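Multiple structures are listed underneath, in structure tokens.
Next come two complexes built around subunit A: one with subunit B, the other with subunit C.
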Partner chain A sequence: MEYKITMPVLSDTMEKGKLIKWHVNEGQQVKKGDVIAEVESDKAIMEVQTFKDGVVKKLLVKEGDEVPVKSPIAIIETATAQAHAQQTPSQPKEESHPQSSTSSQTLPPELAAILPTKTKELKTQEQKETKASAVVKAVKGAASPAARVEAQKLGIDIEKLQAEQKLPKPAHLKDIKLEALKRYFTPKALELLQEYALDPSVFAHDHKIDADEVQAYIKSHNIPKTIPLSTNRLAVKSNVETAAKKPIYHVYETFTLNPPEDVKITAYLLKVIGDTMQNHPLTRAVLEDESYKIYPASNISVAVAKGDALYMVVCKNIESKNLKEIDTWVKEIKQRDYSPDDLQGSTFGLSNLGMFGIRAFDAMINKKDSGIAAFGKVDKNRVEAVFTFDHRILNGVDAAKFVSELKNNFAKGIDV
Partner chain B sequence: MLYREALNRAIDEMMEADESVVILGEDVGRYGGSYRVSEGLFAKYGAKRVIDTPIAELSIVGNAIGMAIAGLRPIAEIMTVNFSLLAMDQIVNHAAKFRYMSGGKMTIPLTIRMPGGVSRQLAAQHSESYETLYSAIPGLIVLAASNATYAYYGLKAAIAMNDPVIFLEHELLYPQEMEFKEQKAFDPFKAEVVKEGKDLTILTYLKMRYDVLEAVPTIEKELGISIEVIDLNSLRPLDMQTIAASVQKTKRVVMVEEDHKTGGYGAEVIARITEELFYTLDAPPLRIAGEDVPIAYNRKLELASIPTPEKIVSRIIAWGAKHGI
Partner chain C sequence: MNSLSSTKVEKFYYLMRLGREFELAAKEEYMKGNIAGFLHLDIGQEACSVGSMQAFDKGDVFTHYREHVLAIARGMEPKLIMAELFGKVTGVSRGKGGSMHLFDPSLNFYGGDAIVAGHLPLATGCAYARKIQGEKAGVFTIFGDGATNAGAFFESINIAAAWKLPLIFFVENNYYAIGTRIGWVSPFEELYNKAKNFMPAKRIDGMNVCEVYKAVMEAKEHIENSLGPYFIEAETYRYEGHSMSDNGKYRSEEEMDIFKSRDPIENLKKEALRLGIVSQEYFDSADQKAQEVVQEAVEFAAASPEPNLKELYEDVYCKECTNVIP
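Coming up: the complex of A and B.
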């Protein structure tokens, strides 16, 4: 008896299929499960198997031909088909017969689909089964059910790719989708898609898309690149948000400096400010609930930019260190890593942007500090400084006294 | 509106509208109900329609079935599902089967209300969840009310039905203040999409709905996904349509229930999903359920034997890491 192999339905949208290659010749013996052809759907190239043993009687289409789905492409002469053929026509139009669904399950799906006596309802059932069994047969490898369905639809060989370690084991839907994208996008182009959170479907999937093409799309559509904040940036964000909530005011002053030679300007500023803080207890104060905690030490936090991070590194006990020691401290802070202890215990802050040629700026108060001094560029020993004070800790008068003594101390010389 | 007030309102309105509606059970009358659900009804409708019964569950349901056959529309209250086992023969052999045994000539318009689940330190004999037993009985309808809206509309619908309904409540929910949403069209058999999401479906019912909702924001943040939460409402029949629509979208499903895991109600739900939606799944379904132990009296052990928001978070995160989320 003849067993007709039909153009398979490989996806919901497939209407026609193209015969790419025959794997058998007319007259050839075939076994159930043998691949007899390759066909191309609108999405991928798939293998077609025979569900029956037999001899290839006739190949009905040529390689390269396109035919509608479910139309016959080959005829296999089988021995066992004869039994079924006798059985089936003997039950004409038995639509509601309880046996008909059981007997149809013993038929190969292709045969059931083309038999004229089958009811419409039965056909849909058979089609569903064809789909399901095709999935199980065609897709090998470790993957989730959804990944297998997608792999089959796209013609992706999970087992092979897993053997080559190109797919994770087990593979999930997202892995298959990524694998499918690799067919159309170069690795660089894929990276760009990810960086710019671009939907791959904005590109026509009919050629290999490279980074230049993606880049051109990004430019022409002015697509922004999304960069999530690093842990460092998040820390800065949280710190300055807290600082912005403080009731602050500014004091502006121009100082005449008298720095000794061979010493970093930051070290000199730290020493003079630290010594002056000894006479102004509120600059050594931390506000806690409804009391001040006044610390004996002059501990100043210094703004240090490192990569994308901003650290407020604390120089401790300035009052009992000499300028040389502070200079050594300043010179090494850019190089080393910080312990939590390096970043706490301050009551006042210092920020210096003079090295960038900035004339004057104001800074935000670090954590619980009472204030911060922002220094601009030193020009012929003159420098502009902007002080930011926490009004809950220092009143205008307290601040004025502190800044004016600082002015005198800067003008005085200092021992190295 | 309090959960128990929603139930009270539903019963009151049904009794007012139809004088064949009666309520019977232990302490439902003069005392106002163990959980105050029938409060005020005795004074309003009298001893003939609000009937205090002896402490005998088999007779409560047996009498109710007799009333139903004779033309009344009874609501039987069983103090907890644990005691309903005593009435099992009447429920399973009679209430569920009468319509079928009489060739459809007689129906049993009976509603059996009962609270279940783990409350606070009521120990093993007062802490069971038997929805899995009742959901396995053809002829019964099993509804589970997790919130005031469903308690009100669901109970009214149950009383109006001509078939026996097991109406499950939860002991911890009675005194809870809940949002009440007016419904224009109400379908007691429809599951509720409590929260929409696209990467994972969590199915739940009764009190676990609240544990799930508490856990969801943390899971979403940790895994970077969005979660859909569905309250099943109707356990028999099960609303596979709503479940399928969600699972086809999210491709992953987690069932959270307070019941024991082995043979629990979630086993049935997950089996249905695996049978009907296998090829849409991108991860094996996960069941988060009670441990297979009688619930302990000790509070720490009690909490250790049922899902909590913390357990829901950690199990879903561990499962997600293993299955490609």
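Coming up: the complex of A and C.
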């Protein structure tokens, strides 16, 4: 009788299956439960068994073929199993010797196993081979299934490397791939690959590749180095993007300063601006929907560069601090880490690039501030300042009043 | 095995063989597209299902989704189960439950909860009810190793122990929750440790049907004497993947070989023959009979009609429940 093996339905979502590998040949005898093929479903590679004993009469699809579920992939002849087994052409030659072949097939397997016939040797050899290729031999060590398969392919001993702490536990696919790369790249070269996000396969894997070789490749192909933005740079980016959307205008003025000795110029600027803000409520205002919120305190955000990062640290309640206190604040500000509270609550900003010898520049308004003053280099008590105002909060007249009073206050000088 | 009668051993063998034949047929039919949804096979774990159900013959049973063989061993007819798997109206749940939901109140079998550990609180609640009723027979619940990591598991053993409920917790430790090996997500692989401060707890060989039977008998006596709950961990193994779409390749060939060498069906037969308490003829005829019964079950299922569309509106609410505490 013919028994058809069909492309199995291995999940509710499977519509087609790919025949990955045949484990039997035409003419081969099979027993219920034997694995006859591997197929790929939409979820995994699975084994197909026969549920009946018999002889494989015909394989209807080729390895690599994709066929719909339930369509036949092989025919098993169940009734005349033995007769067919003898006739089929794909049986090994030695098997055609009628005596040995019949005897080994009719004997119970336990007996067949101890009979010293040529046939038996051949068969077990054959069986061993199919078995070995059918099941991926287990790789020892803690690793993901994908990592195991890769390690198996590359001959990487996960257990040993984990014992030497050269692989993490459990190892993942990326770790195995990295381990494989270590065979061809020096550690320095690997670092460069990562820095420049280079595909390792552009190099021929037939010798040890060092950093010089990778560097030469980078130069000759003019490959850019990718540096992802730090969290701080991302924050700055979003701040200035919002700032750029504000309706702003600039006011330019040159001030004559009378700073007392022994205090930082930034502290002096903060004190004079902060005090002046007390007479100009809109500089202490933020805009919220259809209203101003005017705060009593003069809180100024100051641009502070720390290494690569830029912070707008807020100096609070300037009106009630003396210059010495503000000077102390300014002096310690670079030394410490900032809490979220240090970075909020301002209504006006100050930026100073004088220490770089910059004569004049304009600055971006910080967050919701009403404006910002940008100070250049102090040259014989004279300094150029550029103000940027949010026009929704202060208009030209408001700004002019503020800047001109500031000018007077700078000229007056203050007591320490 | 020495202390068991030969009829008991014969029964164990037949039920396990029937279970395995049933599962192989179910697998074949699933692959042909005759069974939809999920299908979790019990192949390799038959000793747990058969031994426990043979011992726990009265009282309520709450199971997880790997329950075909439990249902068979409880006395459910294979053809009604197969028809259920096929989604046919002749099935035990009228074709509406499928493989994971084999309920039969007449057998006190509340089987197939798809939520891992989801049935443990239900079993606990039922045990509470049985205790209040002052009934002798308690409750048996079976679950996998994965379920012992769920909150519902800990809450259930806690309250069952606190209130001394007549409840047997039976964990089939087959080492894997789908592809997750128990030791990766639990500090130890011997799971009775999780319960031993709450109640008597022991670990047994779940590949040995006689040992399972004896352990459950002991546990049954314990709960029937109002001594509170009892915990059994049975070490076992499934030969198949977790369900039909899992190839199970996360397990090593060596490990599989070790457990297959402890096959519950083959070993029971070998041991019974060695002791001479069951004849070879019995085994042959049992094998034959199991195949016939399963063959019939498949034919019955295939020939049965699909449920009528109006069935959709039936059994939405329970009208009259028997064997349920009022």
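Convention: the second predicted complex is superposed on the first by the 259 of 416 C-alpha atoms of A that agree within 3 Å, B and C clash if a C-alpha of one lies under 4 Å from a C-alpha of the other, contacts with A are read in each partner's own complex, and residues count from 1 in each chain.
Note that a residue touches a chain if its C-beta (ideal position, glycine included) is under 8 Å from a C-beta of that chain, and two chains touch if they have at least 3 such contacts.
Treat the numbers as computed from the prediction; the structure is a model and nothing was measured.
Between subunit B and subunit C, it is C that contacts the larger number of residues in subunit A. When the two complexes are overlaid on their common chain A, residue A:198 makes contact with neither subunit B nor subunit C. Contact with subunit C, but none with subunit B, is seen for A:9 once the two complexes are overlaid on the shared chain. Residue contacts after overlaying the shared chain place A:70 against subunit C, while subunit B stays out of touching range. By the touch criterion defined above, A:145 reaches both subunit B and subunit C.
By the document's definition of touching, neither partner reaches A:353: not subunit B, not subunit C. Once the two complexes are overlaid on the shared chain, A:172 sits against subunit B while remaining clear of subunit C. By the touch criterion defined above, A:44 reaches subunit C but does not reach subunit B.
Applying the stated contact rule after C-alpha superposition, one finds that A:55 touches neither subunit B nor subunit C.
Comparing the two interfaces of subunit A, the one with subunit B and the one with subunit C have residues 135, 145 in common.
Partner subunit C is touched in their complex by these residues of subunit A: 6, 8-12, 14, 33, 41, 43-48, 51, 69-70, 135-138, 145. Across the interface of their complex, subunit A is touched by residues 24-25, 27-28, 30-33, 36-37, 179, 241, 244-247, 249-250, 252-254 of subunit C.
The residues of subunit B lying in touch with subunit A in their complex are 251, 278-284, 323-324. By the touch criterion stated above, subunit A contacts subunit B in their complex at residues 132, 135, 144-149, 168, 170, 172-175.
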